[in-house]
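Look at the two complexes coming up: subunit A is in both, with subunit B in one and subunit C in the other.
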Partner chain A sequence: MLDHTPTPVMERTALRINPAKTCQPIGALYAALGIHRCLPYSHGSQGCCSYHRSHLTRHFREPVMAATSSFTEGASVFGGQPNLLQGLATVFTTYDPDIVAVHTTCLSETIGDDIPQIVGEARRQEIIPASKHVIHANTPSYSGSHVVGFANMAAAMAKAFATPIESKKRGGDRAQINIVPGFVDPSDMRELRRLAEATGLRPVLFPDTSGVMDAPQTGHHQFYPDGGTTIEQLQNLGRAEATLGLGYWASRPAAVAVEDKSGVPRELLDLPIGISATDRFLQVLARRGGAIGADLEAERGRLVDLIVDVQQHLHGVKVAIFGDPDHVLALTEFCRDLGMHPVHVLTGTPGKRFVAEATRILGDKAPHSNIGGEKDLFLLHQWIKNEPVDLLLGNSYGKHIARAEDIPFVRVGWPILDRAGHSLLPTLGYAGAIRLVSRMTDALLDRRDRDAPDHEFELVM
Partner chain B sequence: MNPDPMTELDQISAAQLAVANRELGPELAVPLPRDTPDGAALATALVESYPPKVGRKRSKHIRVNDPSTIPTIEANSRTVPGIITQRGCCYAGCKGVVLGPVTDIVHIVHGPVGCSYYSWMTRRNQAIVPEGEANYLPYTFTTDMTENEIIFGGEKKLLAAIREAYELLHPKAIAVFATCPVGLIGDDVHAVAAQAREELGINVFGFSCEGYKGVSQSAGHHIANNGLFKHVVGTEQLPDELKVNPIRVNLLGEYNIGGDAFELERVFARCGIELVSTFSGNAQYSDLARSADANLNLVMCHRSINYMAEMMETKYGIPWLKVNFIGAEATAKSLRKIARYFDDAVLIDRVEQVIAEELAALEPVRAEVLSRVGGKPVMLYVGGSRAHHYQSLFADIGMPVVAAGYEFAHRDDYEGSVVMPTITVDADSKNIEELTVAADPDAYEQRKSPDEIAELAERGVRLGEYDGMMAQMAKGAMVVDDISHAELERLIAEYQPAVVCSGIKDKYVIEKMGVPCKQLHNYDSGGPYAGFKGAINFYTEIDRMVNAQVWRLVTPPWATAPAPVG
Partner chain C sequence: MTEVLAARARQVARAGTGGVDLDCDRQSTSGSVSQRACTFCGSRVVLYPIADAIHLVHGPIGCAVYTWDIRGALSSGPELHRLSFSTDLRERHVVFGGERQLEESLDELIARHSPRAAFVYATCIVGVIGDDVDAVCRAVSERTGIPVIPVRSEGFQGSKRKGYDAACEALMSLVGTGDTAGIPRHSVNLLGDFNLAGEIWIIQEYLRRMGVTVVANLTGDGRVDDIRRAHGAGLNLVQCSGSTTRLAQQLRQAYGTPFQKVSYFGLDDMAAALYGIAEHFKDPEMLDRTRALVAEEIATVLPVIDECRADLEGKRAAIYVGGAFKAISLVKALRLLGVRTALVGSQTGTAEDYRYLAELCDPGTVIVDDSNPAELSQFMATEDVDLFIGGVKERPMAYKMGVAFCDHNHERKVPLEGFVGMANFAREVRASVCSPVWQFTPRRARAGRSGTTAHTGRAAAGAAIEVMC
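Moving on, here comes the complex of A and B:
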């Protein structure tokens, strides 16, 4: 397995091997699925849309409906306006969405198609029904990553709909709080809403793929499932006390856009994975008018109790963490809280901030850790060969490294293509942290059981 | 919802079918169930939801089948933007399908990161390489193009990436694949490849397979065939010790998804058929390079590889035979054709013996599965060959195909190779290069004379031609090319099939409708389904899907029954 990966690290300047990221449009497509009755639309070659739908489908095991401009060579030379006009006509006639969210690809970006101009033309030609909406995000595949694409489409929602609203009160006494959840599973979005509601606030998540990418089996395919942020909710983002952007990479642009468009202040937080980040999330909700009640405190207490119970198994465990930057930073902090040593911390997504943040989180451990921003899994594997670890945390693409180096592996993040249930059970919040601790401990103890000689193979651990 | 079990099995007899299929003539369709909806009315209804112009265009892609008078169908033309298509791109066909499975070529994707990322291990091409040989399948390589290269050009980065790959891995060969922006910014992957070839002394070759070329994956297959033919085929000689057995074949268009090629390797070995190369499942660079030394090309997925078969026949004199190793009867028939082609008494006997033994092991499973699934309707919307090939597997277990179509096929895949001279190439496909090929004065060796080929045809071994899907489908079955989401959903609602075979993008839509879906691009999991053991796997898989307990749990008990008394 991965037999051709040499232990000595040779510096590469041009060749990416086994990337730890993919391209922007897939993130934009996923974000767009989080608007109720929205059809994501890929303006480019049809292969992009096919790949993105396939990959998202494999992670969520759910239908991923999206349309494409199906560029041919002619469109690539003469521009994609006719394709987008035809595409919008077909989509609104046949699939009747309330909103179409257009994202670009490297092809349409390279030829410079002007999406607002083409959408304006579609309006003039009455291709877009008067009551319907078309929003767009520029998501060139040659910059950023899938996380950035998600961020750009989330920001596009705010840019299109957020407006200043003077009277904050509406719909009862509870204060509204906007939450940009980041590139996380529907289970996580559901959990964030539950936590915010438990503080007595009225959360509006955008995007919100819960109820869309975890739709129930009923024997009936609902083309637009019940979930998703409604257009009315997006139009009322300005009513909120604040917008919480969870994760710098995936959520900052949307939180900034809400503030720019409506004046609602932004609060930028880490993705609430693990105990400390969840604590801060709740503290900010409390500062914005929520209350942390006894139930939430008990939930936290159960997590701490579990950590106490298994601390002996986690303390000093050397771990390698890879994936999307918001996930990796939050996981790194959590592993530190658990007394583990993140020896290798790596993301494929560009952004200098990652190394700085990881260094800050690792504190006195930082000089003894490899921290990689905009790196790849080939390098991660080489790091592990040079400095072995006891545990690997990351998405399904880590399984080959885990096998090659015989390391216990816990799947976390996106994409998970070889296991099921991750999109139904949370990773975020205290509940998610309990799951993570449980799974990490199980992985480590399973390994100990596997390797133990008979006389050390114990019933009680 | 899952349809009720059919009770019309009595109208077909598996034994009758099996006997009929033993001969080498056209395979028989399982008759449609008596309550199958009227095709003509449905064909009209299918396009009702579209803008009128789109509806008229789509109507040309929809035909009610008549195997005695095969209708003309529109295919291989551009997809309507916005319609929600199954189709992918030229790059996916070239790198993803044809080249990607070759284990020891370093495939460098020149472009933004996504194209290499999505085609990385997702096709489930398996390989077991000889000890000490390279296997790069768990790796993906890309130039990860950024804005800087889009503006200033990416050729330098590509050359640097090739050098780095060579320095790290010292592969036998490096292939370079162009993605959408590469063509637009004017990077010349062929020039860079030529420079690297010169510099490194290994074979480095490029493919201009930008995603926007053609109308589907199909253009990429053609470009891949051209590149392999130009740069690889015939560049190495088969060692003399491997030339002892004249019964030497190449297996074209078998990508070893889920281990299909492993099963065929097993069957061939049992029969004494020497496999020179497989294009490109479980294949190594040298296998392909030596393929001109085979004496027959077996064409499995003709849609993706027929260009190669034609070009090798012209240049090297190797005839090609369309085969289908999907389905027990189809596999037996294909083996018999190979035996007759080589006209070798030992081979003919051995093939019969292998067929007898394999069928004896398979028959009890087939009979048992048929008793549970026979008569239940099936739909297949997939690929460019599989929607046809898999009909043979369903015929084995008595399941009628009520509707089928391809994602990226051409007219001949529906109507048969006989229509090829009448196919007009439209503007979207005319830029895909057609290589001019002539007999090689040194390497051409006529394997069969025209008289021998004619005689073989009389004996049921038709070289260089094939039937399309329509010839094997029942009268009244629905054929839809490049099906849209709207059409697929409508067809499922009307036909209430017991199983739909499709791709990953449709799979969960279909299952949300309460109908099990067998994903037939990479199978999702499982396989092999080719050959005899593969057929057994498929029968049991379909049995599992159709009769799974879970479908009985979809409706909660309180919806239909009073509460239990505790």
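Moving on, here comes the complex of A and C:
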């Protein structure tokens, strides 16, 4: 497949080749896994659910549980209400979740199923036990991307549970801060919580897939692992000083929904990848009552020490970055901070904001960079053929390009289908930045070692 | 958690308990956590390996993404099949239709890549918004001069099996359009082999040594022009019975070509397949060559199998795979390794397949159709298996339970077909079952058993079952 990409770039209107995005429902399913004892539910054909579970399993290497309406020909003509009613009945009698998070698919959206009405009917018929919850998000596969699906389901959590709460603190409690973490790994959610706790605040992450999609080996297949945001936590979102939405695409709708429902103010931030974005994240926590102690200062100091040690290897390195918009923008800023030149930055997710933000971040480099919103990897490959780079950053779908063009490749983002361990170690925060710098430098130096003639092959670098 | 969904009682049985008559090829119960996929998936897996064709997924982006290069269906030449082409339908297309999008996409792809054919897969919403895919394909075909074939694979039509049928229909439209001149009498088509990890090349080499010509691969390492002349072959060999038996039946009806169902997994079934071919052609010299080939190959791999068997004797396995025919071969292959099958099931088996499985397996073996994670993990625990053979969704479940795993599905990376494949299978199973890591997994540690103690055989296993049950 490596030689099917011609170098000349031609205008394309109708066709997508080698996508840099996927559909909304998988993002909604992933978000729903971040609620404790929640069963995600796909209202559509059974293939959607099967594909989403397989794809998530390939990245996280964890079992992924989700139910499906298993649409039939009849449902596609007469509507999916009977399937959803039957499905909810099956789910509550068989799998006993505390909450079911229903998301739609292109099929159920196109035939126009009204999910709140059907869920209401299920309540009326007492299919849903009184103590149980059903929330829903509309996630048509033909708009947005998987990131938007994640955002919509995260917002659905806030819409369903957030209420105004007058007395913010309960006796002796630390101040609560809500964090919408974005479409990131469980390790990243764990790291965000650790950082916020280190400032003395009491973070509530939603969704929170740590402890769910990185569950420990126990010898049992636990249908509902121990992790996830609890319903009680969701019901208490209104108790917070503020909601931090990390990443405009994945987290803004949820932060807005909390504010709308409970009056808790929102703060929208970039995904804290790299030093500047992590600084801003901690500054906001400090402004909201947290304290940046000596430990955090030292952690940052170790990162600064590392980037000073390796700056000569990174300065001027030409890099191509692709993936989800929140990730790509944050990575672009970090690469700029390190003196690298992001020559190509690209996302498959729609949204005009991407090009504007990338242009702002790139600053004086912007006129010398290709910036693509709602583009695909076929185009990225063509860009790279025309303007080669020294390093490629992105998810596993970059491996074909990296091989064809013989470029060092650092896997970051989602999905990573061909390596393990990425969901256990953070990319976010200072710890994540240390890991990123180390991996980028390793990739570049490994390449230099590989290509060095014997007499220039050195022990000390 | 309920033991087995009440509605599923007719899809689970035990061998040795009288007539097994599973109610299969049913739509999954709404709300169940089914391991099954859809019609689109069935069509896509069958046609995907045709390497010099364009495979355009007409629909929103997801269906194209989830089937992009997920399968090591290797090609010895062009690799067009490994690219992901989608019309990426958006809201405006749902409202105004996606026919123009489809037509422009086809024109562009055909102009750039000069494929020998194009397959257009209809996804769920294409059926609902009413695009006339057939008309677009016809028009583009006339304009470009290559076959542009619509595949009726809307996901809501049902399970994978429906998709297999749609794929077979698409293939039938190609067969018969090529010139059959020069095809020898001793010739075959290979149906239902997808060349994962290069498996079809192993089979082709056996056939070459026997003196049999392969006309077309359907579809592993497949080429459009070969498929067009597939009706000239003397015999069709059908592996993976679930997906292409219908095609073989149609070929027999249309062109009078006989077919044989074969399995290339395990020594017995592999040898039986080759002898079956030699007998079909009624050529004594070919039969001699086949005997020599089988003897030579088995002699090569037997030492490996014996060595693995020494470590595996007495172990218990669970099998849950796509097609029942594969499950049958696996039961036999495991038996050769001294491993007992405690659970066997498939996504798409027929009542007949399950009856045969019930006869083949030891009494007490659990037999399931269209299972789900809760059921599988429950049986894995109660049957105390040491090994699970399945696909991507089953792997982490098995690992969580401290059970070894072998991928016998899309994600296998070493060839498991052929005599050499049996040796690979034995090595792979042993590597996982006997890994020292199991001693650290709580379930095995509690039971006082691990990969390292597994070598002591039945006594340890017996003690462990007492603890576990």
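Note that the second predicted complex is superposed on the first by the 458 of 461 C-alpha atoms of A that agree within 3 Å, B and C clash if a C-alpha of one lies under 4 Å from a C-alpha of the other, contacts with A are read in each partner's own complex, and residues count from 1 in each chain.
In this section, a residue touches a chain if its C-beta (ideal position, glycine included) is under 8 Å from a C-beta of that chain, and two chains touch if they have at least 3 such contacts.
Small disclaimer: the values here were computed from a predicted structure and weren't measured.
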| item | value |
| --- | --- |
| Which superposed partner A:89 touches (first subunit B, second subunit C, both, neither) | both |
| Which of subunit B and subunit C A:62 touches, first, second, both or neither | both |
| Subunit B versus subunit C as contact partner of A:53, first or second or both or neither | both |
| Partner chain in contact with A:206 - subunit B first, subunit C second, else both or neither | neither |
| Which superposed partner A:105 touches (first subunit B, second subunit C, both, neither) | both |
| Interface residues of subunit A shared between complexes with subunit B and subunit C | 1-2, 4, 6, 12-19, 21-23, 25-26, 41, 44-48, 50-55, 57-58, 61-73, 75-76, 83-84, 86-91, 93-95, 105-107, 110-111, 140-143, 145, 215, 217-222, 378, 400 |
| Complex contact set, residues of subunit A against subunit C | 1-2, 4, 6, 12-19, 21-23, 25-26, 39, 41, 44-55, 57-58, 61-73, 75-76, 82-84, 86-91, 93-96, 105-107, 110-111, 140-143, 145, 215, 217-223, 378, 397, 400 |
| Partner subunit A, residues of subunit C touching it in the complex | 1-2, 5, 7, 27-41, 59-69, 79-80, 82-91, 93-94, 100-105, 108-109, 112-113, 123-125, 127-129, 154-159, 373-374, 377, 380-381, 392-393, 395-397, 399-402, 440-446 |
| Partner subunit B, residues of subunit A touching it in the complex | 1-4, 6, 10, 12-19, 21-23, 25-26, 41, 44-48, 50-55, 57-58, 61-76, 83-84, 86-91, 93-95, 105-107, 110-111, 140-143, 145, 215, 217-222, 348, 378, 400 |
| Contact footprint of subunit A on subunit B as seen in their complex | 1-2, 49-51, 54, 78-92, 108, 111-120, 122, 134-136, 138-147, 149-150, 157-158, 160-161, 163-165, 167-169, 179-181, 183-185, 210-217, 427-428, 431, 484-486, 489, 503-505, 507-514, 554-555 |
